[in-house]
Amino acid sequence: MFTPLFRRERLIRFSDCDPAGIVFYPQYFVMFNGLVEDWVSEGLGVGYAALVIDRRIGLPTVRLEADFTAVSRMGDTVALELAVERLGTRSLTLALRCVGIEGDVRMRMRQVIVLTSLENHRAIAIPEDLRRAIARAQER
Amino acid sequence: MFTPLFRRERLIRFSDCDPAGIVFYPQYFVMFNGLVEDWVSEGLGVGYAALVIDRRIGLPTVRLEADFTAVSRMGDTVALELAVERLGTRSLTLALRCVGIEGDVRMRMRQVIVLTSLENHRAIAIPEDLRRAIARAQER
Amino acid sequence: MFTPLFRRERLIRFSDCDPAGIVFYPQYFVMFNGLVEDWVSEGLGVGYAALVIDRRIGLPTVRLEADFTAVSRMGDTVALELAVERLGTRSLTLALRCVGIEGDVRMRMRQVIVLTSLENHRAIAIPEDLRRAIARAQER
Amino acid sequence: MFTPLFRRERLIRFSDCDPAGIVFYPQYFVMFNGLVEDWVSEGLGVGYAALVIDRRIGLPTVRLEADFTAVSRMGDTVALELAVERLGTRSLTLALRCVGIEGDVRMRMRQVIVLTSLENHRAIAIPEDLRRAIARAQER
C-alpha cells in the first residue's frame, strides 16, 4: 500500500510532451523535482530555496528506480504523490508516484537523495530542522 | 499602460534556473507557453489540448521581441500576465510580462502567434469559437 | 566489465546544469536519449527519425535503474556509452554509462525500452531490420 | 547579407521537438546558447566554462528579437550561424540564424548580451581578452 505524505495535482502541458504526444520521460523527473521542492517548503515548512541558496545545501539524487506503466498525454491532470521510505543519517529514500485522476498509476519511482554541501558536493548529515520535520510528518 | 486579460502566479523552481542561480532565459518562453495554454483553456473556455490533439490546430510563434530587465531567482513567486494587442484573421499578437510580487517587471515580450493546420503547418483562419472568446474577453 | 557497443563524447553545457553548477540529473536522460538516437541512426544504420515519423514506431522507456556516482560540471567533456544487455521480442535492455575523460564513472543506468505503435502506444515486435542490425552489432 | 563569423551543424533531436513534431521554439534559444558557448570557447579561444565558473562572469540576454520563418523537424540537420553586429563597452549584439542544409532560413534572431558580475548581476565592461578576441575575429 502506498500512503502519500504529500500530494499535488498538475496539468500535463504541451511543453512536457514529445513528438509521440506523450510525456517525454525525463520530464517526470523534472515534475518530481518540483514536488520535492513543494514538499520541503510547504509540507515540511523548511524553505527549499533558502536551503539551496542561503544554507548552500544540495539534495542530489544518488540512485533511482522507475517504472513507467502507462502514458500521460497533454491535457491530462495527474497527481504526483510522495512518501518517505527511509530516513537515514545523510540520505532519504522517497517513493513517488504519478497517477491519473482515476487512480491509474502512470509512473512510480524510488529515489535516494543525499544531502550535500554545495561547497564540495560531499555528503553531510541531514540538517536537524529538516530531519525533525520529516520525522513529525511520518508520525502523523 | 499594461492591463492584463489573464494572470497566473508561479513559483520559480530549481529546474528553471541556471548555474548563475537565475532563470535560464529560454525558460521564460516555456512559462509563457504554459500561460497561453491556461488562458485558452481556463480564460477563454476553449480546450487547448483538444485544439492541438483533436482539432489538429497549432499555435506556433512567428515573431517575438523580448526585454529582460531584472533577474528572477529560485524561490521567487512571479506573476505572468497576458494581454491581446491585436486579433488578426490568422494571427494573434500578445503582450506578455513576468513581474515580481512587488510589481517590478522582470521580463516583457510581444509575441505573434499564427494558427496553423498541424497536417501541413500552413496558416489557417483563427477558429470561430476562439475568435469570439478572445473578442468577448477584450470587451470586458 | 562494460564493453560499449556505441560511444559518443559530449560537452557538458551551461544549459545542462542547475543552480548547484552540476548536471541537473534529468538531463542525463535527455543526453542518453540522444545517444540512443545516434546509435540507431549511425551505429545501426536504421534511421531514427524515419522510425518515429514515417513508420510511427515509438521507443518508450518502461523501466530504468540509475546510479549517480560523481558529479559532472559545466565544461566537462564526458563520454556516453551504450551496451545491449538483452534483446527481447518486444523489448530491449540497454546498459548506459556517462564517464569522464579519465574513465571515472559519473552515472550508470540500465534501461528497458519497449517498441510500440504510435497509433495506440501498444507494444509491438522489434522491427526486423532493427533486430538484425542489433544482433549483428552484438556479434562483432 | 549575413556573413557568419562562426557556424556549427546540429541534428534536430526527438527531445527538441513538441507534440506538433517540430522544434519547440524555446529550444532554438537553448541551441543558440550552446552556439555562443562554442564560439567563445573554440572560435575565440576564451574558455566559456572558466569565464562563468572561475571568473564569475555572466552573459545574460537583455533583449532579443526573433523571427520564425519555417519549421524544423526531428531528423533535420541544421546550421546555426553567428555574426557580431555590435561590440559595445558592456554589451554585445549578435545576429544568429538557424538554416536548413539547403540554406533555407528557419529562424533568425538579434540578441543583445550584457556582461555581468555573477556576484551581483550588474553589468561590467567586456573583459579585455574577450574584447580583443572578438575584434580580431571581426577583422578577418
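Structure notes:
Each chain gets a letter, A, B, C and D, in the order it is written, and its residues are counted from 1.
One rule holds in what follows: a residue touches a chain if its C-beta (ideal position, glycine included) is under 8 Å from a C-beta of that chain, and two chains touch if they have at least 3 such contacts.
This is a predicted model, so every value here is computed, not measured.
Where touching is counted per the definition, the chains common to chain A and chain D are B, C. Averaging C-alpha coordinates per chain and comparing to chain A, the farthest chain turns out to be D.
The chain pair C-D and the chain pair B-C differ in C-beta contact count, and the higher one is C-D. A straight line joining the Cα centres of chain C and chain D is 28 Å long. Here the CA centre of chain A is 24 Å from the CA centre of chain C.
Between the CA-based centres of chain B and chain C the separation comes to 34 Å, rounded to the whole angstrom. Of all residues in chain C, those that touch two or more other chains are 14-15, 19, 21, 26, 30, 33, 52-53, 74. Contact residues on chain B toward chain D in their complex (touch as defined above): 19-22, 25-27, 29-30, 33, 52-53, 58, 60-69, 71, 118, 121. Residue ranges on chain B touching chain C, taken from their complex, read 14-15, 17-19, 21, 24, 26, 74.
Against chain D, the residues of chain C that register as touching in their complex are 11, 13-15, 21, 30, 33-34, 37-38, 47-50, 52-53, 73-75.
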